[in-house]
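Both complexes below contain chain A, partnered by chain B and then by chain C.
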Partner chain A sequence: MKIGIPRALLYHYYYPFWKTYFDSLGIETVVSSPTNKWIMDKGIKYSVPEICVPIKVYLGHVLELIDRGVDYIFVPRFVSIQKGQFFCPKFMGLPDIIRHTFPEMEPVMLSPYVESTTDDLATSLKQYQIFEDKFGITRSDNRKALKKAETVWKLFREYSLNGYDIPEATQKAMSEGCQTIGDYKRSLDDKYEYAEVTIGVLGYVYNIYDSVISLDIVNRLKEMGVRIKTFEMIDDETLKKQLANMPKTLFWTFSDKLFAAGNHFYHDPDVDGIIHVTAFGCGPDSMLGKLLELDSTKFEKPFMTVRIDEHSGENHLQTRAEAFVDMLKRRKRKLKKGALA
Partner chain B sequence: MKVTFPYMGTTVVYKKLLEMLGHDVILPPKPTRKTIDIGVKYSPEFACFPLKVIMGSYFEAIQKGAEVIVTSGGNGPCRAGFYERVHQRILESEGHDIDFIVFDSMFRDPQTFYRNIERLRDGTPWHKVLKSLLLIYDMIGKLDHLEKEVQRIRAYEKNRGETTRIWEAIQKDFDQAYTSHTMKSAFKKGKEKLQSIPVKHVDKEDCIKIGIVGEIYVVMEDSINMKMEQLLNSLGAEVERSQYLSQWVTYNMLPKWINWTHEKAVLKKGEPYIPILIGGHAKQSVGQIVDYGQRDFDGVVHLMPFGCLPELVSQSIVPKISEDYNIPVLTISLDEQTGIANNQTRVEAFLDLVRGKRKQRLNKEEKMVGKKPESYCTSG
Partner chain C sequence: MQELFMGVDVGSVSTNIVVIDKDINVVSSQYIRTNGQPLETVKKGLKQLKSEFPDDTRIHGVGTTGSGRQLVGVMIGADVIKNEITAHATATIQFVPDVRTIFEIGGQDSKIIVVEDQMVVDFAMNTVCAAGTGSFLDHQAERLGIPIDQFGGKALSADRDVRIAGRCTVFAESDMIAKQQFGFSKAEIIKGLCEALVRNYINNLGRGKKLEPPYVFQGGVAANEGIKAAFEKEINHEVLIPEHFNIMGAVGAAILARDEIFVTGRKSKFRGLSAADLEFTPRTFECEDCPNHCEVIEVKVNDEVVARWGDRCGKWTNSVQQLDL
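For the complex of A and B:
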């Protein structure tokens, strides 16, 4: 028996957790291929035209898994991972979109309700009870599997917090398994040492780390010798502090994290500029993006919005990114000179 | 205080309430092309359509002298709860330092709610406040009652435009009424006026009923929904909306445990399709389509603002419900172009489809029962 996991949306944040969990229960998993043209085209074909790209892509991934003959598809319903906060309506309704678009899929969908008070999914056992009934797993095995998953996921988060991006952190955490290694600190032997500028890249993990959706912006910037900071590299305390200063926050957990990270980047002297990567039609981003953009003048830090959709052109992005990076470099040199003079 | 508020539906209601609390009310102008243009200019591109329209209408109200904006935070976890932050910040960056009084649900944050009431009450004695509230509540109910009549009669009016004219006059009468007595007579007069409208005779088999569902703002505010109700009426269809102000108020004012409103029942009907509240009115929309399906409506027009998060979820599900309940649904996404465009053809084509379906159904019934349905005039 095989469970298919779509390589989309929060796969990019919870894969180490899910994979470890299913592995230790002895359940085989299949992950869909990295987003490709087939997946993209299928997703677009079966979604309503106005919906944001990541959701379209998700549908494509689901279809690929079905095509590959999995027995079940894992489509969790993310409702809340923080008290009083929710997910973007499209996450909350995701299983509904899928089961009503493809009624034949309903019986093979595994859709636990994700409702907990922290982003550590192991804290609410309730979500995982559906697996006990479905696959005849005992409560204690279930607990053990969750514990393991939690350990690996925490390790993964630890790597992120130390400056590794998600693919790096995933790889490190998963290859080490449960044996913790003391030093997560990013070794400074790579290019970063020489990085002239640091850019805070704001965007949801499922956009930033899907190299087709985001046209691989992270690696493009890295190639230009830029150091990257993203929201998942900032610890919760810092983010919370930013939010506490605001009269009102958004309703959505990850949007809030981005909003807080954006504000943090404005205050962080290490960050020279901010790039907001947003999907065409993303509602939450339109609001936080506007507020952050308006703040750009106040903090005298350059802010650029990169809007991605299924037709985004690579060349255009490359040119814009290069121009932005050049501008930051020039600016930095000038500032330095000014300080010396 | 010179106060204003977002424009939505029967505005005389909010105007009256604020007046009775002793404020100078700056009535925002009804949204026009210009309002929308201003709103679009200052709002983020992918903000939902209502945010943009309201943005524009704030700028217009400020030009007319408004100093304070009273608004509600919207219900359910959606963007509306954050509108005011964005609006305020944008106004600020344009040099308008405007005060906002935002009413979120009183159950979520009773303290702020109370503080806001105190600010609005501004010294008006409590018994007077209570009296005003009751009066307003009464007025909303009466207006909704009359509006439902309007939505039916207008489909059969002999003289094009007469019903709308009379409906506007009725709202003016209510605007002048400040006591329960005058309100009662405005109501009575309104009813009579509506009944006196000359109507055409239409056979029962040709009477069609269309329900309108969707996000509350675009459903309630006709200036940005292509005047959908009037359009459907003018094409000979009776109309019912999924939302009326009185329902909205009751639903939002009652605590959960005694909340047996229509809205509750509708939510229940949406459950098989969307089991939880996902924000905005998605679940209501879905439930309402089911409701119309069960009540044998002939079709549903589903209105959503462009880029509306929850309604995109319902839009994805609509084809399934439409199939399950065998009811045609037309989803229209409204934005700065389509909102006030004269887009009759789509709606006309839809109504043709609806009529065709109805004929088919009646024919089937006829065969089963073996006699022609009796002909009579709906507006009797």
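For the complex of A and C:
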């Protein structure tokens, strides 16, 4: 028996957890391929045109998994992972979007109802009970699997907090090694010792780490010798502190994290500029983007919005990113030297 | 001895070569038709420079931009190779530090660059549709039998307004003929054409962008007063035209080279004005080692590969040994 995991949406945040969990229960998993043209085209074909790209892409991944002959598809219903805050409605209704688009998928969907008070999914056993009934798993095995998953996921978060991006952190957390995080951190610092500028890249994990959706902006910037910071590299305490000063916060968990991260970047002297990567048609981001943009003048930090949809052009993004980085370097040199009049 | 920096903007239609001094005064500038031969064109330009300056003149830094920037950059030994957006914006910011919107209309392409606090935050570029570029005007000038350099002045002398529907060159042309038959004067038609071009340009490139003043208008077409007036009418605000409006890309490249040299303190990689004498042979090939099928460009000097680019994975770029010529 095989469970398919779409390489989309919160795969980019919870894969180490899910993979470890299923592995320790002895359940085989299949992950869809990294987003490619086939996946993108299928996703677009079966979605309503107005919906945001990451959801379109998600549908494409689901179809690829069906195509590859999995028995089940893992489509969690994310409702809340923080008290008083919710997920974007598209997450809450994700299983329904799939169900209504492809009625034949209803019986093969595994959709735990995710509602907890922290982003550590192991804290609410309730959502995993569906696997006990479905696959004849004992309560104690379930608990053990969750414990393991939690450990690996926490390690993954630890790497993120130490400055690794999601693919790096995933890989490190999931490969057994004896190096401590401290060693890794040092090697990361070496790697970026000569980085002239640091850019805070704000965006949902499923956009910025999907190299097709985001046209690989993270790696493009890295290739230009830029050091990247993202929201998941900032610890919760710091994020909460940012929000405490806000007259009003946003309602959606990850949007709120981005909002907090954006404000943190404005205050962080290491961050030279901010790029907000947002999907065309994203409701929460229309508010988030505006709020951040308004602050950009106050803090005198360059802010650029990159809006992506399925028609975004690679060359255009490359040139835009290059120009932004070039000007950022110039600006920094000017501030430092004062000599270039 | 003067410290000099050179900027080269290699476009598909024309190539500009400028030399600035360390205080960013333009001391020499050339406009040469590219005719599809960027290397030959630049060689010609270098020869010209050699004759303009005393023999012991040294160029302290060189920057290239434009569509042929890589190729020419390799050939002459550029210190910086930058895209057009960076180069243009750098020059504009130099002369109008608080600029927010740059309108750039050249012979073959046009762009809008949105600047905030001296940073490029957005841009749009049009290389496909001729209706928003200078060649549209050239074409119509010819049709009306009026030299292009008198075109703008004529527009200003028009008495009445006439709206030419010009979403596309083809429509504009037929509408223009119709309006002529209605008895509008040439001057009025020209004014209408200028306004059509500006409307097209703003509709195509400015869509969804916040275009805030100060506005700077540059590129070859900025010489045309009719277009300037049409811009001012369309956006209802004054539009500035910088002194070096038609060589901004090259000036920007020169400024970037100057800053690079000042900051790093390095010696320029420039091969000298006699680089014109070396034989450069470029070729392209398609790499079939993976599904990306990159088109790789390779440049040889005396049978030795001096540069490769265009590969996404870097395997070709990295296999080139640095050559000292």
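The rule is simple: the second predicted complex is superposed on the first by the 324 of 341 C-alpha atoms of A that agree within 3 Å, B and C clash if a C-alpha of one lies under 4 Å from a C-alpha of the other, contacts with A are read in each partner's own complex, and residues count from 1 in each chain.
Keep in mind that, in the parts below, a contact is a pair of C-beta atoms (placed from the backbone, for glycine too) under 8 Å apart; a residue touches a chain by one contact, two chains touch by 3 or more.
This is a predicted model, so every value here is computed, not measured.
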Review point. Overlaying the two complexes on chain A, which is it for chain B and chain C: clash or fit?
Key: fit
Review point. In the superposed model, does chain B or chain C contact more residues of chain A?
Key: B
Practice item. Please indicate which partner A:A8 is in contact with in the superposed arrangement: first for chain B, second for chain C, both, or neither. Key: neither
Revision key, fill the gap. Rounded in steps of 10, the angle in degrees at the Cα centre of chain A between chain B and chain C is 90
Practice item. Mind working out whether A:M92 is in touch with chain B, chain C, both or neither, as first, second, both or neither? Key: first
Exercise for review: For A:R333, select first, second, both or neither according to whether it touches chain B, chain C, the two together, or no partner.
Suggested key: second
Exercise for review: Figure out whether A:A323 sits in contact with chain B (first) or chain C (second), or with both, or with neither.
Suggested key: second
Practice item. Using only C-alpha atoms, work out how near chain B sits to chain C after the chain A superposition, in angstrom. Key: 8
Exercise for review: Give every residue of chain A touching chain B within the complex, in rising order.
Suggested key: 47-48, 50-51, 77, 79, 86, 88-90, 92-93, 96-97, 100-101, 103, 247-248, 250-252, 278, 280-287, 289-291, 294
Point to revise | Interface residues, chain C side, partner chain A - complex | key: 82-86, 89-90, 116-123, 125, 256, 259, 262-263
Practice item. Enumerate the contact residues on chain A facing chain C in the complex. Key: 273, 296-297, 300, 302-305, 316, 319-320, 322-324, 326-328, 330-331, 333, 337, 339-340
Exercise for review: Spell out the residues on chain B that touch chain A in their complex, using ranges where they run on.
Suggested key: 43-48, 77-79, 81-82, 84-86, 89-90, 93, 273-276, 278-280, 282, 306-310, 312-313, 315-317, 319-320, 333
